[in-house]
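Questions regarding the structure given below will be posed in turn.
We call the chains A, B, C, D, E and F, going by the order they appear; numbering starts again at 1 in every chain.
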Amino acid sequence: MNLHQLVFWILSVIAIGGALGVILSRNPVASVLFLIVTFFAVSGHYILLNAQFLAIVNIIVYAGAIMVLFLYVIMLMNLNGDVEPQKSKLLQFAGIISGGILFLVLLAAFKTTQLSTTPINASTSIGLISELGQVLFTRFVFPFEISSILFLSAMVGAVVIGKKD
Amino acid sequence: MTHEQIIETLEAAFAGQLSDCDTAHGISSITIPAAANLKVLQFLYDSEDMQFRFLTDLTAVHYPNRTNEELCVVYHLHSLYLNKRLRLKLYVPVAAPKVFTASKLFSGANWMERETFDFFGVDFVGHPNLKRILNVDEMDYFPMRKEYPMEDPTRIDKDDEMFGRGGTIC
Amino acid sequence: MRPVQYNTNLKMVDLPEGHTGEGFFATSLNNVIGLARKNSIWPLPFATSCCGIEFMATMAAHYDLARFGSERLGFSPRQCDLLMVMGTISKKMAPILRQVYLQMAEPRWVLAVGACASSGGIFDSYSVLQGIDQVIPVDVYVPGCPPRPEAIIDGIMKIQELVGQESLRRRNSEQYKGLLESYGIQ
Amino acid sequence: MLLLTIDWSFIIEKLILISVILGASLGVATYATWGERKVAAWMQDRKGPSRAGPFGLLQPIADGIKLFFKEEIIPTDANRFLFILGPSLAMLTACMASAVIPWGPSIELESGRIIALQVADINIGILYVFGVVSVGVYGIMLGGWASNNKYSLMGSVRAASQAISYELAMGISLIALLMMTGTLSLAEIVNQQHGFWENGWFTWNVAKQPLGFIIFLVCAFAELNRAPFDLPEAESELVAGYHTEYSSMKLGFYLFAEYVNLFISSAILITLFFGGYNFPFMDQVAGSVSPVVFSIICVLVLLTKTIMMILFFMFVRWTIPRFRYDQLMNLGWKSLIPLALVNMLITGAIIIWVLN
Amino acid sequence: MQELTNKRVAVDRKPMTFMERLYIPTIIKGLFITVGHIFKKPATISYPEQQRPFSPVFRGLHILNRDEQGREKCTACGLCALSCPAEAITMEAAERTKGEEHLYKEEKYAAKYEINMLRCIFCGLCEEACPKDAIYLSETVAQANYTRKSFIYNKEDLLIPNPNETH
Amino acid sequence: MSAHIHLDEASIQKQTTTLNLGPTHPATHGVFQNILEMDGERIVSAVPTVGYIHRAFEKIAERRPYYQITPLTDRLNYCSSPINNMGWHITVERLLGIKTPKRVDYLRVIIMELSRIADHLVCNSVIGVDTGALTSFVYVFEFREHIYEIFEAVCGSRLTTNIGRFGGFERNFPQEAFDKINKFLEAFPRGMKEFESLLTRNRIFMERTMGVGGISAERALNYSFTGPNLRAAGVDYDVRVAQPYSSYEDFDFKIPVGTTGDVYDRFLVRNQEIWESLSIIKQALEKIAALEAADPSQKEVFYAPEADKYHLPPKEDVYTKMEALIFHFKMVMGEIEVLPGEIYSAVEGGNGEVGYYLISDGGRTPYRLHFRRPCFIYYQAYPEIIQGSLLSDAVVTMSSLNLIAGELDA
């Protein structure tokens, strides 16, 4: 096992542990913090893949902005164990069943996929900003623009909702 | 309009109810019956040629020697229009010191009445929030009445020797 | 006119007992910490009346309390070392003063500035607490009504003296606990 | 990839560099607290700390020791873990940002080994700084919330919204700069500002991006929570804001992190807009002294510029009043972001039509 | 509201000009003022190394006067204690006996004279009240101290040095 | 994980939280308490509590001889104690019918206007502090220090001055005092201009204060506002003009008025009044010089001649003459002849109309003395003024009302 793999495994453990923490912790603030840990681990993976730009954007946008907003809302709503309504047994049971089914489906899907045996032998600069920009504005220009319209409409919607009557 | 004219106008409007009208040190002083205080204040407020619309001050005085009219509530009114001051007094017995509140007419009277209640226990009927203002809520007496000494009688913390009172001051 | 200009018989009093626990044999660590503490006294101004204005003058250009490292006023009791009580403390205020004192982190000192805070001053009336030492322990008293900034600085220097010589163990000593207990704290 | 091959001498070199930089930034931050008090005093016709050591130079050390030996109070209703995590995060992120700043030109030793005076020359240096800064707000938010105090909560809410709002304008104002430089690497940006005057114009970016600089500067004030944007700890309104409940060294961390941040942001501002370690006639100087001496001069130049910037931050702090919450939001969203966008458009237009 | 006098003048509340709306010009103006103060001499008086001169009528710590022969002037009439709004002065009078003429000027003297400096408000009424030229407020700031007891200044603390003894 | 900040059911229903502002909050001058109902940063309602430094002035005044009440009045509005002192003296003089000579009046005017400047300076610089501009505050205190020095030269004390006596002053002004006044008049305008240019036209400051904490003239009058706070609302009522005392009718000055009664108006009105006060002081100095030029013996006039009955005899006489000594004893015992009577007299304090309602029964002490304290009146309008504004506005509004705790709580 070389260093690369060692780091990979450590990051994976942190990521999965963080993700489990998100759904298992009773306290919403702790969940948010676990999610942030997960994001950092995932960003570490990106760096291992030499996608530094993606890694840092992941941190800035998700850990730095979106999760701050989440935390902000959760703080203000003052959610905690006492306030949270207890779910009924039936609902919990239904949750387990549906979760299990989803897990089975995923397992089945993964089973049929072929692992590409040859690693992607791209240039080391694939994850860098200039390459990314090239690809975004040439091959993926249509989806890119579509998504920007999506964001714009989301922003308009947010303003409309946020405005007080 | 002079002080005399103000008093005359008032006497015309409230015949037989006013007493002790005099003018000294630039202020007319008039004693009115306790029950009529709001009527007089309203009249002074509404009167177009007097416009006593400014309540300078409101307080009380305790006269333990006057039987049945121990507490005197004093209003100082000011007419910015005439630039004249007017003092209204009314006497109530200390046993049942009930006076109608002026806080509906003058917003400023609200706390002044609370203060007067706090110090003298004058009960302002109709006051929206008549409770102690300067002293602690637990206080069970009205400290400005003459029978109470300056110092708190319940105090146990005083050390006369320390405070310069232990000696022989003539 | 006055026969002499100055009263030279200023009363000097030695440090109160219990502060210099290790006395002459204080360790050098003790000294260093004492030196640091005494030069970094962050005051919590509990200013209620006239003395507060004089305190502002002490903070301002002519007297400049910053020279003693004390210009960082903290209004949060947790962050301060010195509770400066300036002005009359009425009986209504006394529990609040006590609460603020309790919220402070050890080591904490109390400076009673002015006649009112120290002894009630001229307000010997039904509503005024006759000295804050009835509710919290006081380390240094500053006389005057209000004290001149010189006197306030003097008080702070007295506090510095106290702080510089205080042994590290004083706050755990039985004597200190006894002092607090006599005020019903802890 | 660096991690695959372990070059021990490289690691040792970096470790030394990191510890030097950390030490230097902590040292500068320590004396920034002293400087702040002195500057404030001088501006106010006072003398400032003068009794702790000569000119009060030992003042920060006294403060540090005192804070260290003060009682720790964790309020009973506070969330203990987050209460401690808050200041630690604040301090951590403050120290992390210094990794990508180029402190001087690379030194070429006689053995042919090149020592870069930069911990990591990652090609997205600016984004790294942004990432660290955006995480930095957690320190304040968590600390304020965990204190279980309404004033702290309000402080942390203010801090969070302020940070998020001004990060946007900051980012957009930088995009214009990046369009001109064409790189995200700080080392590269500094290299482009070589010297002082070239081709009939200043090489420093402040002359090329004046509007962008002003926007960035204002946003830096906001990100640092310094007056006039010190709303999260607005003394007269929120007592002490997010650190109301903190005592002892945890408070020290918060206060100290603020000054470390101040130092780092000043260094970044200088790097981005004022030519970093470049100075006029540097080529002539480079020719006449040995490379090591030249590097030291460069580092000193950078430090001098940074200290000037810190002083500027202090001057402003002690001069103008604080914004109000709605004013702050208006300024951020309605003035700075549109301005930054306009700046970006103008820059783009100039690049396309004038420079090409 | 109608005008009450002819002396009214409205304050200058003109709307902001464009330059003022830009924030920066006024900030720079402000910076010029405050930074300019850096180069001014600080107004600070480094108490306690430097002392600020007090006015000759300053009301500080009290002194008790003696006459040229070193005799105490106080006759324990009690006017100072009476005039003290803080009730800080305590005294006990005693009759001068034979052989004490060199100590006390008048036939009565203060056997005990105490001022509680913590109570004192330094209003100067005692000095005004004294009919015997005996008590004055000096140009000394009363010292801070650790205990409440130490603020009881007795006669020895207040008396000025005896001119016959010091030389 | 412990439960966080506890909200009661009612406030959860209304989506608001209660915030306890004070009494030890830095913005509440250490003594005011406000229980604010907040919707985010916006104030829904406020319930003020006062009385945290209630000192029972009125009760103490009933037990003190007249001359011992002067130190009490010092501690009412301690930012401008000399005005209170003189207001009290003028009240007693009016009751006794003492007519003061012009020179005494002018000297009083100088002292009163100096303290008005000091008072307004504190208020305006504290507005600066509460908006975060600390430096101007320190500059201002340098000039307050000059004013203190003048007071100290006259009476020997800085803040709580106990200045003046019935009928005039304790002693004549020394030349040193006049020198210091002249020095102050020379140095102050520059400092004041600096102070103004730091704040007055600064956009941040203007936006923080304009439209904040406004009150209409009608409401202000209904609340019995006086002083700068009423004038900021647009009513040109000033006791100095309406019912002149201490020869204020001889002086030529303007009454600055605002329009909206907001914080910015109050700030401007106070600043303008400082300039007016400066001009009054200059006029007073000129008038005194004219008096002395016309009659050199005027130089020694520092109390009303007919006040001899109420003024302590000169010390030399006390030491030597028996009658003077006896009279001196009587005076100090407080046995002065005050006729029974009742008077309300007001002066324009730093903060509004300071009134003294004095009832004398001919005894050694007042039968009843009531102070009309302007701060007490302003503060009850505070909840109405800050309703719907932000927390920061509430803080600035409080300092702009210039609430002096000692005066408010008596």
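Basically, a residue touches a chain if its C-beta (ideal position, glycine included) is under 8 Å from a C-beta of that chain, and two chains touch if they have at least 3 such contacts.
No experiment lies behind these values; they were computed from the predicted model shown.
Participant: Find the chain most remote from subunit F, comparing centres computed as mean CA coordinates.
Facilitator: Taking each chain's C-alpha mean as its centre, the farthest from subunit F is A.
Participant: Quick check: more C-beta contact pairs in D-F or B-C?
Facilitator: Top pair by contacting C-beta pairs is D-F.
Participant: Which whole number of Å gives the spacing of the CA centres of subunit D and subunit E?
Facilitator: Result: the chain centres lie 50 Å from each other.
Participant: When the centre of a chain is set as the mean of its C-alpha atoms, what distance in Å lies between subunit C and subunit D?
Facilitator: Centres of subunit C and subunit D (C-alpha means) sit 38 Å apart.
Participant: How many Å are there between the centre of subunit B and the centre of subunit F, using C-alpha atoms for each centre?
Facilitator: Inter-chain centre distance comes to 24 Å.
Participant: Would you pick out the residues of subunit E that each touch at least 2 other chains?
Facilitator: Residues 4, 27, 30, 33-34, 37, 42-44, 46, 56, 82, 85-87, 116, 119, 121-123, 148 of subunit E touch two or more partner chains.
Participant: Indicate the residues of subunit F shared as contacts by at least two other chains.
Facilitator: In subunit F, 1, 3-5, 25-26, 51, 54, 56, 59-60, 71-72, 135, 138-139, 142, 145, 160, 198, 202, 204, 221, 235, 237, 242, 409 touch at least two other chains.
Participant: Scan subunit A for residues touching two or more other chains and write them down.
Facilitator: none
Participant: What does subunit F use to touch subunit B in their complex?
Facilitator: Within the complex, subunit F contacts subunit B at residues 50-51, 54, 56, 58-60, 62-63, 94-95, 219, 221-225, 235, 237, 242-243, 341-346, 353, 355, 357, 359, 367-368, 370, 372, 376-377, 379-381, 384, 409-410.
Participant: List the residues on subunit D that touch subunit E in their complex, please.
Facilitator: 39, 41-47, 50, 214, 315-316, 318-320
Participant: Going by the contact rule set out above, which residues of subunit C touch subunit D in the complex?
Facilitator: Checking each residue of subunit C against subunit D gives 32-33, 35-37, 39-40, 60-61, 64, 66-69, 71-72, 74-76, 78-79, 81, 105-107, 168.
Participant: Give every residue of subunit B touching subunit C within the complex, in rising order.
Facilitator: 134-136, 143, 148, 150-152, 155, 157-158, 162-163
Participant: Any idea which subunit A residues touch subunit D in the complex?
Facilitator: 2-4, 7, 29, 33, 36, 48, 50, 52-53, 56-57, 59-60, 63-65, 68-69, 71-72, 75-76, 128-129
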